[in-house]
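Presented sequentially are two complexes of subunit A, the first with subunit B as partner and the second with subunit C.
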Partner chain A sequence: MSDQALSPSAPARVKMPSVPGVVMALALLFILFAALSPGFLTTGNLSNILVQSVILLLLALPMTLIIMTEGLDLSMGAVLTLASLVLALTILSTGSLLLAFAAAVGVGLAFGLLNGWLVSMLSIPPFVATLGTMGAAQGLALLVSDGQSVVGIPRYVRQIYSGDVIGIPNPILIGIGFYALFHVLLYHTRFGTYICALGGNRDALTLAGVKWKRLLISVYMLGGAMAGVAALLMTARMNAGHPTAAIGMEFDAIAAVALGGTSFEKGNGWVLGTLLGVLTVGVLRNGLNLMAVPSSVQVTCIGVLVIFALLLDGMRSKS
Partner chain B sequence: MSITDNPTTGASGIHLSKDMQQLVYRLLAAGLLCLALSIASDAFLTSNNILNVLRQASLLFFLASGLTLVILTGGLDLSVGANIGLSACMAATAIKATGSPVLGTLAGLATGLLIGLCNGLMVAKLRIPSFIATYGMLWVLHGITYYYMAGESIHGFPPEFRQIGSGYFLGIPIPIYLMVVFLLAGTFFAQRTVWGQQIYAIGANPVAARLTGIPVDRRLILVYAFSGAMAGVASIVFLARLNSAEGDIGETMTLPAIAAVLIGGASLFGGIGSVFGTFIGALILTLVLNGMNLLAVNASWQPLVTGAIVIFAVWLDMYGRKKA
Partner chain C sequence: MRAVPDTMPRTVQPIPADPPGFPLLELRGISKSFPGVKALDDVSFPIWPGEVHMLLGENGAGKSSLMKVLCGAYQADEGEFFHNGEKVEINSPADARRFGIAVIFQEFSLVPYLDVAQNIFLGREFSSKIPGLLDRGRLYREAQAVLDLIGLDVSPYTKVHTLGVAQQQMVEIGKALSQNARILVMDEPTASLSDRETERLFEVMRQLQAKGVAIIYISHRMAEVFSMGDRITVLRDGKMVGRAMPDTSTPDELVRMMVGRNIDMTYPRHFTTDPGEVVLEVKGLSAKNGIEDINLTIRAGEIVGLCGLVGSGRTEVARAIFGADEVTAGEIRLFGKQQNGGPDAASRAGVGLIPESRKTEGLALIRTVGDNLAVAGLPKLFPNNLFSPRTARRTAEEIIKRLRIATPSPNQNVGVLSGGNQQKVVIGKWLAAGTRLFIFDEPTRGIDVGAKSEIFALIDQLVSEGAAVLMISSEQAEIVHVCDRAYVMRSKRIVGELSRSDLSEENIVRMGMHDE
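Right after this comes the complex of A and B.
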């Protein structure tokens, strides 16, 4: 643990990467795909990229905070899947979207609480704790759905994803809203400052009399809740719940955060970087889709990109 | 290097009696499980089922024994399951192309080794945290395997190859013999060779290990390469047993392998654990899953139970440390 002091009165001093590598990566990929595939640089496609990136953004934002606490949440994709199934099943049995949404967020919160409790109270390393809960969530997803898709969701649910307000698609508005929320949360509240300190200097928090264990639990609960929100968009997009829908999506989220320059050590994080990281993953997937590259290869490309980003991260922290 | 000479001051020597105690507890747990299962189900105590449990445990053990060394250094290899997938598909391709089981086996082992080597280089040379590096590797491997197989499967291998997975010698399945060989070799390597003791030392205190002149980077690369190669071994036995290679083969085996190592008493923080402990861990986990099968519990419960066991095992380790 580094012993650098972090003054609570100056959260803006959180270190930002001096050379935003993610901007270069995004620009390079953008130019590359614009040159390679004619369908890329159209208004329709660009708006498509934004809309499709929103679910990932909803996961990547809380993942940024979790990684800033020197943590990790590998269960997010599985929890999102489970929440989406619970949402679909609840809406089928009760007909109430509000109740279903509450149930989905509730599932997320419960898993977040479990993750946070395991990590902070039992001091279990986060990647193992959340690997275990990932198994649990995957098993539950198969159990509640019996391995089948849940279909027959009322049509109006789809509106949430495909509707728009004065021409701006709903998902983009939701994405902007949550981005603003997380920006304010991290940079303009005491909570955000504490999060930086959780990764940077936990001892200082203890000395300052902050109950950091509760704080850490709340960070993981925030991640779970956001997985519940993402489940609403996911279910609305597919108009169904599917037991393997978002398996592995936590990898895209971790990739986006890593690309965005948030460090896995020392509590250095950057919400704007995460947004750019999400867009980079979105542009990469969209461009490869247009070039008819199979989804499996896209995953490989993202993996390579992440390793590259981590290399840069390592070189940056050395200098 | 005096670590092996003087058992009272060596990194593993201090914990020797405690280690033995832990092993006895785990053996007792396995015994109690057997007792409970034989009461709960008539089908448990049949020689067929016992051999079946051992054969399933052997597959898990191959994977988990390599992983044990990685965890002993304080690292983690999340790519072992995906490694099985690619290695099995490469082995299957080589067998189909050349008709030679030997070349196929070599192709599978080489693929596993190569993947492990990449992991080792990322961790030792590029200093990427092991769980992130191998997690990235997991998805890279999935991508390559799925693309390569394109949803197809390769099946139908020569009978002499299938012997490795489904053959018998003196009434006992061949994988069980292989397990015993690897158990003995692994235990000897970890406990009785300088390299093995250096691996313990790296996990117990990496800084001290570096200062005493242990080539830490090379040993780290070695353990990841070994873990990869053992995934290759598992892929060969798995392939020979299934007689068919598909892209998602082995995908669900990472969590059980980690569970086996942790139940076996290894600490995620490195320096504590043994190959024999992992063997017992693999046995306990297989008994639990086998018992659930015999009691007709829905298979969807298996990842849930495995996940809970992983967390419980780590908690036990943490709890033991706090008390000490």
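Right after this comes the complex of A and C.
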């Protein structure tokens, strides 16, 4: 009986390479677009892919942690939109970018606190709780903007997105910085260890004397704050606030996390996978854009890709 | 030292003299009640440094409650703890940890996707000099030291989900020891270990003993009780019914202490000497859920018991017969016809399962009594697939009357009924489906004493009308009083059959516990 558990499982019929599905997906797409689209494999375009992936990365990084706690945050896209509008309006009325940025992050933190409180203290399933706050944030976004774009933002704000430091575009530097931050957070702090345990075995945390409810709230607050940071880049990129700018971006973020191989169960996740997932979504969108595929079809492609990558991972873990 | 209650026959040797000095921990008069049950009733015993203290008792004797009280998960209603002779309180897991008590539950408190080192030191991570960051170097060094101590040969970087059960258990032990545990409580630690792994565990236990660690060890295996135990305490119905030493006691004595619960209950049963045709015949049945080589027969008019310890594979046999778990070998014949479909095929062939977890597997709690009664009989009641509320209501009313279900109407929500009446609804839904083989898994779980008799009267009525019954129960008394015959299971196999004349609690326990 127990001997069975010790002996290796029966040989799998299909021999699966031990490469994560996301690496294969990224490589395949890369080769595919390089072959199909002459403009794809140029320095300018590749740099473009990286720059355009950063906003998604800023959402996907905290989304990874939230999903590792067996949670979900559907409100991120809407909160990002609202934060972007608040940022634009604040800068118009006060002229202070710092104050505007603080207001955007504040909006994110407030929604994160609300999400975390609903999930942690009231035990509302994350899907339902954040679906509700998503609606609330979308409504507020329309309310504060009166359904109109907020324009007239000073030109220098644009520099945040389009500027560079010794030739490296600012967004890429910001992306690298936050990736490093999340890596350290997950692997070198108590917080990261407990995030893994929140999804893996909450009883273990209770028995170890860890007060995990507040911890869970802070994970959602981190997600909100990152939506606020992403709002700065988003506003700088468009030099305006749009009431529908990032609606639905949580789909891309969740897709990137899932593509990266983070599981929705048991606290099994990694931030490198998420980075690769974000790049895969970025390459896919960029390649399809170059081939003039409409954005509605792009969303379908991302959906198919996610399912495909998860199938690969499922087959790999079985074999 | 406490006297054994006077009502108990004194089958034990005089209680052995305790060593000099203070025990590491002493429990005095611990009681704990839950609504309707006295889980622990005036339990007292000392735990001495360096001893392996075996805790024996049937299912529900109070062992788990005692463990939970010890680790601070439950608070005792009455009683005192003495730690090295000093009176102390254990009101929380933190208290228990302070006195060096660590419990290793059968369900481990490990985080699957953290590595061995992170699990061992969960909640007690080491900070580095840089504020906010962890000292990972020290984490893995200290974890390696713990692994060396318990002789577990895995890397501290291994993710816990990739380890086998035995290794996970060792990690739990390592976790306990790294907290300077002086008293280690283990709940059937060898239940899922191979012989080699068991030997390794015993080796570690002996080393710990030599270092003065006391081990409280819950076991169902007589061989290890006698080979590893220094002292034995037997619990029954939440009471401590005896203490013994392995070298002056015998397995038979211990079994006698464990059985013989007094429950005032009547078991209405009309035994018949001449059962009818064979209803179910199982030959060489193995299934994915672990059961192996199961052979059994049930005739019309018979109640056949299936007993053994919790985890011995009883429920798995029921599920395999019902088609709920995949069969890998052997055959199931119902009324002479080979059966190899899922639960739908089984229920069409006349099998009904009355599961142990009534509220999740037996009923749709938020639906009405009428809906629940109709659900299994839908194909039979409505052969042309069109639902008729009138037929459903008529059938429901008929069954409510026949089984005397206490409900104002079929439209009552089933969730608000008492346990006994809910159980009748589960039985009723199979009556509506025309079931002729009823499989009961713990039919009286969570049902009060009066309603129990009623359920048994109902079961008796079913068989006298020609149905056949397979009954799983952890209450040996029920098996003994109600069944015509019984099969005893151990380690996912049937290890014996007891005829009506051999059917006694002692025989069941002896067969179910006897070591290979």
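Keep in mind that, in the parts below, the second predicted complex is superposed on the first by the 290 of 319 C-alpha atoms of A that agree within 3 Å, B and C clash if a C-alpha of one lies under 4 Å from a C-alpha of the other, contacts with A are read in each partner's own complex, and residues count from 1 in each chain.
The working rule: a residue touches a chain if its C-beta (ideal position, glycine included) is under 8 Å from a C-beta of that chain, and two chains touch if they have at least 3 such contacts.
Since the model is a prediction, treat every value here as computed from it, not as a measurement.
Asks: Just to be sure I read the superposition right, which of the two partners does A:Leu310 touch: subunit B = first, subunit C = second, or both, or neither?
Replies: In the superposition, A:Leu310 touches subunit B alone.
Asks: After lining up the shared chain so the two structures overlap, which partner does A:His188 touch, if you call subunit B first and subunit C second: first, second, both or neither?
Replies: Only subunit C is touched by A:His188; subunit B is not.
Asks: I want to verify the contact counts: of subunit B and subunit C, which reaches more residues of subunit A?
Replies: Residues of subunit A touched, subunit B against subunit C: more for B.
Asks: Is A:Ala110 in contact with subunit B, with subunit C, with both, or with neither (first, second, both, neither)?
Replies: After superposition on chain A, A:Ala110 lies in contact with neither partner.
Asks: Answer with first, second, both or neither: which of subunit B and subunit C does A:Leu272 touch in the superposed model?
Replies: neither
Asks: Quick check on the superposed pair: does A:Val210 touch subunit B, subunit C, both, or neither? Answer first, second, both or neither.
Replies: A:Val210: touches subunit C, not subunit B.
Asks: Does the superposition put A:Cys196 against subunit B (first), subunit C (second), both, or neither?
Replies: Touch status of A:Cys196: second partner only.
Asks: Report the residues of subunit C in contact with subunit A in the complex, numbered from low to high.
Replies: 93-94, 97, 109-114, 118-119, 122-125, 132-134, 136, 161, 164-166, 192-194, 197, 290, 491-492
Asks: Quick one: in the complex, what on subunit A touches subunit C?
Replies: Residue positions touching the partner: 1-3, 5-6, 184, 188-190, 193, 196-197, 199-201, 203-210, 266-269.
Asks: For the complex, which residues does subunit A have touching subunit B?
Replies: 72, 74, 118, 122-125, 127-129, 131-136, 138-140, 142-143, 147, 248, 251, 254, 258, 264, 294-304, 306-307, 310-311, 314
Asks: Help me check something: in the complex, which residues belonging to subunit B touch subunit A?
Replies: Against subunit A, the touching part of subunit B is residues 76, 78, 122, 126-129, 131-133, 135-137, 139-140, 142-147, 150, 255, 258, 268, 298, 300-308, 310-311, 314-315, 318.
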